[in-house]
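Report on the following structure.
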Amino acid sequence: MEAEGPLVSVLDHGALKLIQSYGDDSMICRAARVSVDGGVREGTPSKERDRVLIRYLAKQHHTSPFEHCGATFYVKAPIFVLRQWHRHRTQSYNELSGRYSTTFGEYYLPTVERLITEQSQDSRQGQGRVKGPEEALMAREKIREHCEKALEEYHSLLEMGVSRELARSVLPLNVYSEMYATANLWNWTRFLKLRLAQDAQFEIRAYAKAILAALREVFPTGMGAFAEMEGWG
Amino acid sequence: MEAEGPLVSVLDHGALKLIQSYGDDSMICRAARVSVDGGVREGTPSKERDRVLIRYLAKQHHTSPFEHCGATFYVKAPIFVLRQWHRHRTQSYNELSGRYSTTFGEYYLPTVERLITEQSQDSRQGQGRVKGPEEALMAREKIREHCEKALEEYHSLLEMGVSRELARSVLPLNVYSEMYATANLWNWTRFLKLRLAQDAQFEIRAYAKAILAALREVFPTGMGAFAEMEGWG
Amino acid sequence: MEAEGPLVSVLDHGALKLIQSYGDDSMICRAARVSVDGGVREGTPSKERDRVLIRYLAKQHHTSPFEHCGATFYVKAPIFVLRQWHRHRTQSYNELSGRYSTTFGEYYLPTVERLITEQSQDSRQGQGRVKGPEEALMAREKIREHCEKALEEYHSLLEMGVSRELARSVLPLNVYSEMYATANLWNWTRFLKLRLAQDAQFEIRAYAKAILAALREVFPTGMGAFAEMEGWG
Amino acid sequence: MEAEGPLVSVLDHGALKLIQSYGDDSMICRAARVSVDGGVREGTPSKERDRVLIRYLAKQHHTSPFEHCGATFYVKAPIFVLRQWHRHRTQSYNELSGRYSTTFGEYYLPTVERLITEQSQDSRQGQGRVKGPEEALMAREKIREHCEKALEEYHSLLEMGVSRELARSVLPLNVYSEMYATANLWNWTRFLKLRLAQDAQFEIRAYAKAILAALREVFPTGMGAFAEMEGWG
């Protein structure tokens, strides 16, 4: 288990932090080698032999050895990002609950640049037609005003005695929530494959990039092999 | 595969519909009996013997035979309900996407009765302190006004050229979305166990009740055994 | 739910039978289209449009729509085949139990041809060096004699009063066992990808081929798209 | 990540060794508290408050916080034990392969005591009727002789040039194999619940007991809460 990583800023108020990891490059190799050697040998083959083996495993999609490694992240992200994230059903989640808590107070406001930029040509879903900086600034202000109002309504409903679980229903999808997410290394690579892709939404890609960076530090060869293979730069 | 069930209304604008099911009470027994008998016998032991076996399996938590049955539902529910639903990681989901679609136009408005009623005593999370009908009506109107405004903002952002994936960020959590959800019978019982419980939120309980009713028709003995055991009335 | 398929022979005493299936090509499309259209429309777009959509989904690895379809098979296979099979953790299994049953009486005897043939060059694991037919025949007879003896010992231990769960410990890995296996269509394609591969063992490939044939009949477009993409002939 | 545990003997030639663990009692609490508090606070509430919370979570089956902890074991066990083990589909496995390796040389020989003892009255599956020590000794010798012969045949087939993947088919189910198995803490408790039960087979119970002991050292409160609740002594 590595020491906790730094709290990395993502988007305007979001964050990501490596809480713990387990396994390492040599665990991957040890698990892989049991199929041939058996034994509980802790023998330490050369780093170079490990590197060759790990790249072979990644390339051949021999995925099981990567399942003996993993990591837990603390994540603070807009709810619409968490909605995409939770479609990954092989992670373990604990999230801030709108039934137990009323600590929702921040929302995601896209930058003017983000509001203008169209996503890649082949990605229809992100396509906008905002004309230029002025129009983008106007849109940004509209979002801000609306979200400020929504938070006000939320607290006003709570004050009227409406239960937390109902009051939260007026919160917008860009409100920040928080969670812990744990997955094994193989499943993190599946997350990254989808969420680093060109057609993934910009906002979740920002988190995926931070996860990739953190996992490359802990599993330089294991994650490096996938990064190279998939062209994750 | 049964014929599709009726479109059942849930909450104010929600719905649930059994799209397909697979397996039946006799499939449960056949799977269970392979452990003793092997064979591909289609023999039809008496209904009574099947009933006794299924109740035994349910009671002993011999869950694997229930995995060869299952069902797909169409669900229209507020996003905060779907957020709870998606924590069940053993279901298969396809949902309306705010990146591809702009067909969001309805939101959930709790009744005055719902706004007043406190949930069960031992459930802190649902507890509200709305004084009475007038205050509840006021809260309800506040929610309505805010949501109407939110939908207006959403469409106005789209018209300004903001991409769908960003415009949706102002939509409130009570906006209705739609999905297909498939799970095997054992996993539906796990969903029901959590979502029919006293401390489950009223809104998802409404869906859980509709699912229980639909599954009891298709799997009278299989689902009936769990319903009796768990006291699902 | 389709009618049951025929009992297909696999290897010398093995078998495979489609017991039930759920969903169909149009269910795949319906699930996929909910992301854009929402709605519970049963509308029937042209077969051609469905075909184009399904091929697109398969190619883009948009896998969730394939999870609303699936199939259950009855399988009779040597235990060493089932050992490989059970590594697929997304299937539901019920198997003949050596603790409950004593109906083990058949074993897999490879043909002379199989004993001689080396597997593909690049597959070290299957490589044998049996010189020719005579030597192969000798090996075959050795296996036969040993397995006959093993079954004799098994029954003799049972007669001595040894419990089933311990007596079975002398049974060889090529003894036939039986099971029901259910998986969704996406997971069947993952099974096939691994078990139809050149480096998969000949014996499990025989089962994989029978499964592919059965699923192509039920899901001509859905399974056809993967078969074409993966080159499954 | 704890240091590796000792190599614990199980059965006659079996073994179990804690290779790594992740998370700890305070990780469980931190994950649970995010639902109320959010935040990335590393604050250290008193051990006593943690203990109370963990016991509450276990009792209420709030299982998700236990998923951020876990452990990897090296296991050497008879194949019939691994067959039962692998039915747990939420663990990650890498096992010695009969296609790659020929290092199979040991088999499980039940003691005279084990051969005589009937399992609990209500467990038909383990019931034997071995009369007494002499008969048990005879049975034991029969098993020994047969397994020695089986290993001989195995090596003789290999010498004749039969491929490893086919030669192994004569190996008996009590031959020892080896694997690494990783699961999260919640899933280990599910394994233990089934495999420590009265009607679990004696041999896999021996491994389950060793796992329980190892996990209680690493997660004294987390595993202790389940052990107390389930009556695991």
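So that you can tell them apart, the chains are marked A, B, C and D in the order they are listed, and the count of residues begins at 1 in each.
Methods note: a residue touches a chain if its C-beta (ideal position, glycine included) is under 8 Å from a C-beta of that chain, and two chains touch if they have at least 3 such contacts.
Because the structure is predicted, anything quoted here is derived from the model rather than measured.
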item: Shortest walk length in steps over touching chains, subunit B through to subunit C; value: 1
item: Rigid-body rotation angle, subunit B and subunit A, from Cα fit (steps of 5°); value: 180
item: Separation of mean Cα positions, subunit B and subunit A [Å, integer]; value: 27
item: CA centroid of subunit A to CA centroid of subunit C, Å; value: 36
item: Averaged-CA centre spacing for the pair subunit D and subunit A, given as whole angstrom; value: 33
item: Multi-partner residues of subunit C (at least 2 other chains); value: 93, 97, 100
item: Overall pattern in which the protein chains touch one another (line/ring/star/complete/other); value: ring
item: Every chain pair in contact, whichever chains are involved; value: A-B, A-D, B-C, C-D
item: Touching residues on subunit B, where the partner in the complex is subunit A; value: 78-80, 83, 86-87, 89-90, 93, 97-100, 107-108, 110, 114-115, 118-119, 124-131, 135, 138-139, 142-143, 146-147, 149-150, 153, 156-157, 160-166, 168-174, 201
item: In the complex, subunit B residues that touch subunit C; value: 1, 4, 7, 15, 17, 19-23, 27, 30-32, 34-40, 42, 64-65, 67-68, 70, 72, 74, 76, 92-97, 100-101, 103, 177-180, 182, 184
